[in-house]
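Below, chain A partners chain B and then partners chain C, in two separate complexes.
After this line comes the complex of A and B, so read on.
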């Protein structure tokens, strides 16, 4: 009986110690800083700081790990973005740490009790704007998260930064949902959907998607956040607008750095993007023809339905600010888009 | 026409005269219902905000335009949602919003919440083992970032609660990837060998699952379950306060990830009883992986470099690996015990009474 039990015992693990000497660089000591601690940037030192132009490996091998001989060619599937120019941005590591150090919570960081007692029309306008902003964040989540597994492990800084963008967008989804519901305004109409479709259907590469989701849409969303903060009826909308704009600034900063890098390294890409954006603006113009978002913003800015005429002037300024900011950021990237701007966007500039 | 029960009638009258559309100015079902953000500790929580149509979670979702649950559909909006998960039971759990809010409240920063200065130079054999283990963990952590990422965009926004949880998980895993990479590079060591060809590819089977529950059983119950047990026993292999903090904080996160898997299985098993056999077959696989290490996710699995590294760390040096192996067997035994407990909580414990469970599990529990 005892004998049998012995035989059933699973074999004892064998110990392979061959890994002990397998490292491409030993003796690395990343600096820990007094205030900032140990950052993702700081560990990019020596061999570990080398970011290759092409990442051959399609497993989860960490950059700088020792790849055992005979294991090349193994692949998980996915990880199709393998050129540095497909996704890289020098500021990704820094933005990642910034996102973490500036995290906030919609549950606890917003003084919700301070948004009571607004006029009914203003409350409804806020509920509608919140519904659309919540949906914009929801679409952003779908767009960004669907690309994660395509991104090679060799560029982990970008992957982890985008994890923070997703988390930010999740927060924007729920903070605006909470705002729509906290006073009983309720969720309003869904978005018109043309830009949403364009973002989700973009498949030429992550760079194109980033251009659309971060620059075309993202710069617009950030402008709305900032105007919402500036014309906020209460401290609640002011804080939400400010903090969401701060988050959005990071997403745009990644995109600017990345797209600049991409157009500098991929011949013809800047030209293609310049033409593509004109088309994208026409799609955006279809959404913009719908009056709901503009009326609600005008109602908030003008202090009610009776102030909407005055509010519309602020809306026109918001839209002009957006197009100016959009053009400036494209110019920084290296795309001189002014001459290719769609007639619809030109009209906004002239308004 | 001013009617008594339209609170917006006078606004509408004025607005229409001015040529405004005002389609948005319609009374909603929750009109006038204020939410009290002070009622509970923790502020205004996601699990407390929905009521009326916003709270109605359909068993089958027909939302293909990406609208948020409870918002009002418009005609003429293109269908863009290529959502393969549109059946509630396929993804649902009873407290997804709670798990999300808990994740938000418990975020931490690997840069500043780990007392990195407590790491002092270690003997070479220990540092090498630390670095090998950290290399392994940084490699596997983002399995749980990439794979949930893919599923987030496959889930209809009508089931936003589990989606939000998955977003928080991707964030957690980014931090785990990063904290272990930092550990490998902070103390005079470096990254070591990636998990080799003998074990196939790390997490490959988790990536390939085409059903969410199948993926979740492999990832949350089996893979992350093993990792959670190991992190919980982190005290045994930590050589300083920094490492203790890393294991403790990661374990806190992993327990949410495992809880998601358990609670999803619990929900699915109670709603779709005709899928129970199928789920049991996923658990058969999970157990095979658990006892053989075939999942590639368990650092304590035999034959992996991380297994040997653990033996060095648990024993206290290259010359004490035999002692380390004994402790490691205790780790594996606890992994099995906790796995059994999770499956029981998920409502599939009958496999341990009716002989279906992998016989090796029982041997682990009895022999060692």
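After this line comes the complex of A and C, so read on.
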């Protein structure tokens, strides 16, 4: 029977096997770290370590692969960011591995039962702050994801890192929403939203958007996270603040490296950013004129409405810390912004 | 009984951290970290899950580190006493709180490099866990930690 079946088989088609020659470097072997495993950075070795300054291809072809026969690498839509200076950061692969390794689950990592029994005023203030932080995170998802499709596959390290940022922002969205709802406080007022709109409508380029979403907004958000952790009424807010601040610092780290790279490679960009930031600070100042966030933070920091005078002093310190950190990170990037700082931000420094 | 500050004390904590499931769950770390207590300085290399190259260094070698933690000797002791008493740092003694509430902060990059300094925030939970694990180490204090001869 076996013999009969073999005789019935059609003859094998002639094999093409041309794919065998389609490799830019056969024998590439990446080092595996004893503890850290095989990282995205480590596989950038040999010919695969070459990151081009410009990526011609406007398809989904991975870097190091070949277009199939008949495909000319013409545009199939999007992928407009093809200059390395549009998006690159040397630390993107490292930050990707870090984000994957340091991920956390708000459902399991936060001892939610430990935030019960707070006074109503503090609970209400936390619910309001959580509402605004949750919304900030949802805006971040929209902003980053709207640019992802524009980024070419020549720079996959950046694309996958920003995918983790979206995942982090999703976590921040849900962890603050959970905090607002866990104790019966519920969601409060939406923020005035001038900065949110500015971020969503930023279309001058990804670098400009990153400057706004990661440095102008991101450094502010991280400062709020850190102060919430330091003045936390319970262990829950302390852990949420600390862990969210870790995530946010990765996003800031990407932006610092990327924008520095862009400023060093695109003549005049630093100067343009300096002027643009002053305008952006004026937009932020319109949001800042709304007292809701500051009053709620003062209530949390002061331990309740009766302690709000003391809490407001901490709020002033928070805002000063933010502007100092913001200027320091801009200076590292290569943007000396101190002289161009908006009057509103100067006042915060002097408060 | 390890003396704080000393390489033996840091080694004892590092051994616990490397064997600690929770420390590993916080994820990979990549940072050159120092502590400065009185006139003495120490460095550690946090490399993925390994903590190695723990040694005493000269003051000028602090510039090679991503950041170092600087407090008065009495505050170091108060932080470690808090860790010992509660099994972890109390709210006033977490690294994040100390960094925000001390007039000059806690974490410093000797060269004013904000990018390298930010590793203090990127790996904060791991560093906090590291110091929290000192609760398991029987510690004696030799403060104010004058420079070694």
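Keep in mind that, in the parts below, the second predicted complex is superposed on the first by the 328 of 351 C-alpha atoms of A that agree within 3 Å, B and C clash if a C-alpha of one lies under 4 Å from a C-alpha of the other, contacts with A are read in each partner's own complex, and residues count from 1 in each chain.
By our rule, a contact is a pair of C-beta atoms (placed from the backbone, for glycine too) under 8 Å apart; a residue touches a chain by one contact, two chains touch by 3 or more.
Source: prediction; values computed, not measured.
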| item | value |
| --- | --- |
| Partner chain(s) touched by A:319 [first = chain B, second = chain C, both, neither] | neither |
| Partner chain in contact with A:190 - chain B first, chain C second, else both or neither | first |
| Touched partner set for A:36, first chain B, second chain C, both or neither | both |
| Partner contacting more residues of chain A (chain B vs chain C) | B |
| Partner chain(s) touched by A:164 [first = chain B, second = chain C, both, neither] | first |
| Contacts of A:66 with chain B and chain C, given as first, second, both or neither | first |
| Touched partner set for A:101, first chain B, second chain C, both or neither | both |
| Contacts of A:253 with chain B and chain C, given as first, second, both or neither | second |
| Partner chain in contact with A:331 - chain B first, chain C second, else both or neither | second |
| Which of chain B and chain C A:214 touches, first, second, both or neither | neither |
| Doubly contacted residues of chain A, that is, touched by chain B and again by chain C | 36, 97, 101, 103 |
| Chain A-touching residues of chain B, taken from the complex the two chains share | 7-8, 11, 14-15, 18, 20-25, 28-35, 37-38, 42-46, 49-54, 65-68, 70-74, 76-78, 80-82, 100-101, 104-105, 107, 109-112, 114, 116-117, 125, 128, 131-132, 135, 138-140, 142-143, 145-147, 149-150, 152-153, 157, 160, 163-164, 167-168, 170-171, 173-175, 177-178, 181-182, 185-194, 196-197, 200-204, 207-208, 291, 302-303, 305, 307-309, 311, 318, 321, 325, 328, 360, 363-364, 367 |
| Touch list for chain A against partner chain B, complex | 5, 8-10, 12-20, 22-30, 32, 36-40, 43, 45, 47-48, 59-62, 64-68, 70-71, 74-78, 96-97, 100-101, 103, 105-108, 110, 112-113, 116, 120-121, 124-125, 127-128, 131, 134-135, 138-139, 141-143, 145-146, 148-149, 153, 156, 159-160, 163-164, 166-167, 169-171, 173-174, 177-178, 181-194, 196-197, 200-201, 291-292, 295-296, 304-306, 308-309 |
| Chain A to chain C touching residues, read off their complex | 33, 35-36, 94, 97-98, 101-103, 222, 226-227, 229-230, 232, 238, 241-243, 245-246, 249-250, 252-253, 256-257, 321, 325, 328-329, 331-332 |
| Contact set on chain C toward chain A in their complex | 26-28, 30, 47-50, 91, 94, 96-97, 100-101, 113-115, 118, 121-125, 128 |
